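The next part holds the structures, each set out as structure tokens.
Each of the two complexes below includes subunit A, the first together with subunit B, the second together with subunit C.
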Partner chain A sequence: MKQTFVLDHKKQSHPFDPLQLHQSIVAACLAVRSYEGEAHQTAERVCKKVIDWLAPKDEVTSTDIRRVAAEHLSVYHPEAAYIYQNLEMMV
Partner chain B sequence: MAKQKFDYDLVVIGSGASGSVAADIVASAKWRVAMVENDEIGGETANWSSIPSKALLRAAEVYDDAKVQGPQLGLRSGSIGYNYPSVKAYKDAVLRKSGSKSFESYYKSKGITLLKGHAHFISPHEITIERRHISAAHFLIATGSKPVDGKVQGLDKAPYLTPRTALDVIRPPKTLFIIGAGASGCEFANLFSAFGSKVYIADEAARILPKEDQEVSEAIEHMFRHQRGVTPLTHAKVIRIAKIGLMTAVTFLVGSDEHVVKVDQVLLTAGQEPMVDIGLENAKVEHTKNGVKTDEYLTTSTKHIYAAGNVLGRFMYTHTGVYEGRIVANNLLNPKQLISPDYTAVPRVTFVGPEVASVGLSESDCLKRDLRIRTAVAPLNIIARATIDNVTNGFVKVITDKKGLLLGASIVAPHAGESIHELTLAIQHGLSAANVAGTLHAFPTWSEAIRVACAKIK
Partner chain C sequence: MLSSSILNDPAYLLVAVGALFVHVCYQLSVSVLTHLSSHSLSRKTSEKRLLSLGFSYGFGVIVTTTLIITSLASLTQYVHGGSRLLGALVVGLAPFIGLATVLWYYRQGDGTRLWLPRPVASYLLERSKKTHSALEATLLGAATVIGELPFLIGPILFVTYVISLLDPSTWLGWATFYSVIAALPLLITTMYFTSGHSVARVQKWRETNKAFLQWTSGIALVLLTIYLTVLQLGVTP
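Here is the complex of A and B:
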């Protein structure tokens, strides 16, 4: 499987890290008081969807990852999706 | 384009009908143009849609004519048969001749840079292709469309054909279930039934070819049922497919009744959806899953980015794509003389036997708009050409307003795809039925039926 690269806000490219995505989704789920097991399960499902979406792509932006992950997360956990998408603004 | 700020003056994303036309015209004006393609150069029409399918349909038409019409014309055709690999070889030869393989050298000769890979916007003026960043002053989004993923239970487990893979089957299936009775579904039903397949064609709509006039649907349904042995299933919602041994069981609902049919192959022709997954959000281009939004000049919400063809989600035809490609090229080259597309008379053709062609408004379109209309139908059997060619089914229907100005027309006849352009011209230029009826039509031709239909409007 080919590696997809992610462009960050400073236009620096680095390989997509599914673990980092998993952790950020778990954090968003826990922030809205999900059970830890449920948070991991949701993160796993969302990560799978994002990885499928990335499969044909060589390079995307970090904003793309956040948008697509939030789209899928909103199916399983709308509140966590809101937190995930707006966390930076809240901080 | 004097400024050299960007890598290119125009980057066209997609090398299909609209993209290639626009790139060609703009490159002729000495702009620096690049075209991006992540699949075969030439796009859907040239490689997997209109051209190969019509080549197969041509073979089916000749075979069916010889087999069915031959004996009635005094020809001995009892021993006629076909060799499907040879039929496919003919289709491949057509593909080679049609030029899709020679596009690459043509574009190079025009100075157009071809970039292979998946394009993804990373900013309004920049895309990434295989991690190479390309900037341009203008972009044209011409990514086209892709088949809609079916929402039928079991599609992920049971194998099924798509309009693309159906063109490459080793032999026609003994039994085939087609999901979707639009133009594409009906063309495949026509193709495989001509080669002897038992075909079921199902649609949730009340009739096959639901976008056409009622009379058109009835004529084609009659032809399918009585001449080809096709079973049209209307009001039929396919709910499940499952692999059972070598067969596939298709479960569908008609009303509240559940039916099951076992077939060799299932073909999914549930329509097309625009391909908008190219990072349009990063370029701030407004879009929905139904297509890219543009103004009347085909400019998107980001002023230097244009869109044309199937990605607009309006008309999924090659000829409208080419038309829109030309308009975008004009608007790029002549920003002070912008033009917008006029969709008053868009011809559409379904290649079944006999061909179905229509243009302008259908009767139901007129009813929805509360227009007061007149209609006239000329059956084909009243003209000499039909008697000569031993054709009994078919008609020409014209729709006018109260003053007799042509609004729409449908033709079910051999070569309807050619005849429709007379009415397309008439509708485009606001002619009346009397204008067409007063024009000389050569005897004995299929076009005489158009004159007769127009003459019936009083």
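Here is the complex of A and C:
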């Protein structure tokens, strides 16, 4: 399977980690009071969509991943998607 | 005597209420509380624990604000006769802080990012992520007040000026009373989160109304300065 690399905000490249994405989506869902099972199910669905989107690509930025994940998350849980995108823009 | 008449004078009460309004409009403490609550909920923290963290955070904010007000009042009293120096500081600084609030308080773009030095903002974000105990939350509250001091000093100067006109034995009481009222939004927000509401709703409301809060607080600070200048001219023999 082809590996996609992610360029983070420090301009460092590392392999895409679906577990990290899954955890951050679960965290966003729990922050808006989703049930744990629902949060994991939603995160699984979103991760699958993001992996499909990444498949033909060699390298993407972490901002791209966040944007695409938020787009898909907003279908299942708009409030979680809002928190997922805005958490680091609060202060 | 001036100090005894202040309590019955609605003109000075209006200055204190105006300062309180501007203070409440400044949003860094609510931002950090929202961030703290959101991370705590992600960690599956219980409602009781979240309430304890939120109230400890508010306690840190109240204590630090009270200490700043009483220290400033004592310092100016010690250095140069108290209220006169404070009056000069208010008139000299507050309009610029008001203008800075209108121009720079919030950063351009989405979210509610404030115009703070980025290391300060990053420190507060990192600390709020890692806050687990009540003591850490109290210290985070203190750090938040200090981080926002370049803007908060505006309303704080006004209220310190009014308090410095009173009897020094009552300063601590009045400063605590003011700080508790100024921290009420934090306590209400904590109770809102712990009663099962989503942090996203509060954050969305804040983002939608950020321009209103920015403009009203900035303009109110300038208007308060004009009002206080007129008031001082009326009092000075």
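Definition applied: the second predicted complex is superposed on the first by the 90 of 91 C-alpha atoms of A that agree within 3 Å, B and C clash if a C-alpha of one lies under 4 Å from a C-alpha of the other, contacts with A are read in each partner's own complex, and residues count from 1 in each chain.
As a working rule, contacts are C-beta pairs under 8 Å (C-beta built on N, C-alpha and C of every residue); 3 or more make two chains touch, one makes a residue touch a chain.
Since this is a predicted model, take the numbers as computed values, not measurements.
> Please determine, from the superposition on subunit A, whether subunit B and subunit C clash or fit.
fit
> What is the contact status of A:59 with respect to subunit B (first) and subunit C (second): first, second, both, or neither?
first
> Go through the superposed model and pick first if A:67 touches only subunit B, second if only subunit C, both, or neither.
Touch partner of A:67: subunit B, not subunit C.
> Angle subunit B-subunit A-subunit C between C-alpha centres, in steps of 10 degrees?
Taking subunit A as the apex, subunit B and subunit C sit 120 degrees apart.
> Please name the chain, subunit B or subunit C, that touches the greater number of residues in subunit A.
Answer, by number of touched residues of subunit A: C.
> Tell me the contact category for A:5 with respect to subunit B and subunit C: first, second, both or neither.
The first partner, subunit B, only.
> May I ask you to decide whether A:13 touches subunit B, subunit C, both, or neither, giving the answer as first, second, both or neither?
First partner only.
> Minimum CA distance, subunit B versus subunit C, superposed model, integer angstrom?
14
> Using the touch definition up top, name the residues of subunit A that touch subunit C in the complex.
26-28, 30-33, 36, 79-80, 82-83, 86-91
> Flag every residue of subunit A that touches subunit B in the complex, lowest number first.
5, 7, 13, 53, 56-61, 63-64, 67
> Which part of subunit B faces subunit A closely enough to touch in the complex?
Where subunit B meets subunit A, its residues are 38, 117-118, 120, 122, 128-131, 277, 279, 281-282.
> Would you mind writing out the residues of subunit C in touch with subunit A in their complex?
28, 31-32, 34-35, 38-39, 41-42, 44, 109-114, 116, 121, 124-125, 196, 198-201, 203-204, 207
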